[in-house]
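A, B and C label the chains in the order they appear, each numbered from 1.
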């Protein structure tokens, strides 16, 4: 057996390993009946005590969505059975929602146990220093920590439902301003039915003193989850936001259609990092999360900067392209991505960099690793608008194949309408070299560790963009995603 | 409002009299092929919602009223065609006027042994079974709309064949020229090229036409390169500024075969050069080189698919372009590596110089890979000439205009170096130089 | 009396179905340094790869016994962990993998194999600092990705550092001296000499005599046509140097 085959087999045997985070928490859910119509939306809105303008916005989105029947994206390199949107359940909140916990002591212990199993540092004593957690359990945010400390500095970090009540002027001003409700099939659906998510506002000149973090989970059966996250960095401010997720094992496919909107004003910087480790389905492709996400940031002001970093190892299907609209002069957009697919996973991920302002810069580094019978696609757009004098883009897009039955695809779109702009794109596809494997093994490193070592090296440029707290976890995840059952 | 998948197209414009006969009408297999072509093409032209046509809209073509191509078959071919780009070349040549082979302009004296060149319309009359074997059935259309138009309305073309081990010294020239006229005119020539094992040939395809003439040429070139054979395929496209050119070239390569494509696209209002190469035998080698230079409101689209179907093949692709004024360039290059195609070595590069603030390039270099033991890469760059290159030249005393010209010359010159046949290379180099000097081709 | 550490008997090996080694015999005792010399294409590198267990080098006949065990039955990393070290002629580049990370992983793999406590980062750094100072490797090289952009000399020094850290019982050095200037050659020779010891054996594969000026071998073997055709003391290397392979009646083509 060749070293390559062995490596492939080592990777495959991971499928045999039970999904580490596969368990279901037994919490009584207070759910809307399955199905989607005007009443469902009124139910969600009423349940959350929303103002009239938001209900109107949701209804408008819903009506637009109904017209989009044939606009469910088909261009992506993804294959999945048609989703019955009437089958899904659009609202599920832990029962304790009717009586919100004031402190961790009041939180359902079952829930806390779940987070503990996931290793989420919810309780303060278990928390990594400097990390504030806004945990989303199914659809409702149940606890937020470090809020007081942030409040002192004027930083608002809360659930979006709370923000609608407490800071309606901010939400109304920015919600849908980057991803309009009519944007695309999944974003429009999200606009109609979103239940919760995070809201962050960093005031002028404030440097947020800690990494903000949210862990998403999907729990109750047949519950589509529709987060909505909105982050606004006012002039001269800085914030780093971490999003990480795991989900319990499920037999049926679950839909996840989140929307994340970022707004950076003059001289502001937002760093958004994601580690996505949802249940990918079993070796035969049964179960697993459908992850259709719209993430977009607008550099509204001059010298603004938005940086997306993602490590995508989970989900049966991942469809996302965190994008940057570079409106302000000298604004900067970055996209650093690692996408690992194994077994029957499919990922169609990339970014869009829309250069509108002068001297705008973007950098794209994408590392795709495909193993098993999976398919990994990078799909990216770099558009230079006519007024983007002096714009610069550099794209590096590398794919690594492990095993003979997977596929790696690179589909970059480059549209340049300004001669002073300079756009450069480079891409490579290769396998782990036999020479590299042999060298490592000759030094006594076993095959699985050698594969992990080489893959981590391949991903290094992206891993080093992650905040420290995440980097270690991500590195482990890269190894776990490709390891066999050993170790 | 989503873009259309197809654009309705009244082609040919309805006429009171029944459609005239095309050569070969009545042959059952050909009737079937043309019928299928008509059925597919009745759906219209591909629209920009079709991924392969995302950046090129054929909508302007629908504004022209074309009569049935057969209607012109009875017109006399003018004796005087004006100078051709490759007049200075020796060797066999065929001339097609408005898509029809002109017997009086053909130069087929002294064809070397092992080389056979004949017209398609004539072939249909003399050797229908032989032509049927070459063209094949309706499945060859494979749903491709432009090939369907070609199949349905193609009146003529030619067949170039070499016997095993034959080596043609001089290139075979195929000149396609539109005669001056103001009526919209469409033609759909079919060129069939079959290289026997171990043979070699240089084929020149040249498309010319007068300024302003509203023509649509839709050639389909069907190439098979036999085992160990080598085809060097040169294409110069310098049609007038009223022309539409939608070309489809399909090449299939047997083991150890080599296919070189050298394209220089300078003409037409809108031109699309689509090339599909299938590496079907081990050790096959594909070299695609394309140059495009456009100004005014020209639109030049290069779309290529290199399909590695078997192991141990190599492909190299370099496309370079220069865009001025409000011209728009498109490059869509796809490399497919099938699951069995281990040890594939594929490289692709697209570079564009933008000379004007309103020029635009849309580039989509694409890798679709299903085999793990491969080396594939692509690269793309777009921008104006490098400031430090310009500065260097100017610091040596060149004025800005001269410096820019020199840079463009060097940029395009690299491409032409690969053309093996010296006199052919000289013709292409002259065209590039003339373009740079601002002369219309 | 020394014990045989490595015993190769009647070794036949093919690469891509082509026979390269044709009945090679070689015995190396504990504490000895053997030089294997031979013209290009004689099978020197093949011998090194077969000992290390590289895929594609198929043993069709014969045996290799290492410390009384059947070496050919062991996987590549088992051989490495039980003390077989190959210094590569062309060390491969591994982008993104830091030299220090790699070394720590390798050293700890061996320690784990021997049932020893793995080093933590601090202990390991201390160890590396000592070894690297002795070899004149600067800290900057340790921070770079493994072998990426290293000069030929740097790569070979890095191999010597790995050897010093892994402390093998059997070291195979495959043309470690090729392409080195005199200073780098000295570093390589010092690295080898520093490791010489009664419990350790080495096989130095080389094309030229010049490394042997600095590393005096106990025995010299001449490999041609896939077999050992002559063996002798260190004087044999000098004889080769003055008369050439042809002078010994060994045409380089003998291997073809």
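The rule is short, and it goes like this: a contact is a pair of C-beta atoms (placed from the backbone, for glycine too) under 8 Å apart; a residue touches a chain by one contact, two chains touch by 3 or more.
What you see is a predicted model, and the numbers here were worked out from it, not measured in a lab.
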Chain located farthest away, centre of chain A as origin (C-alpha): C
Identifier of the chain whose CA centre is least distant from the whole-structure CA centre: A
Chain B and chain C: spacing of chain centres that average the CA atoms, whole Å: 57
Chain A and chain C, separation of their C-alpha mean positions in angstrom: 48
Centre-of-Cα separation between chain B and chain A, whole angstrom: 44
Interface residues, chain A side, partner chain B - complex: 4, 71, 75, 386, 399, 401-431
Contacting residues of chain C [partner chain A, same complex]: 52-55, 75-77, 79-81, 85-86, 88, 91-92, 94-98, 101-102, 105-106, 109-110, 113, 145-146, 162, 166
Residues of chain A defined as touching chain C within the complex: 2-3, 433-436, 438-447, 449, 453-454, 456-461
In the complex, chain B residues that touch chain A: 2, 51, 339, 342, 352, 354-384
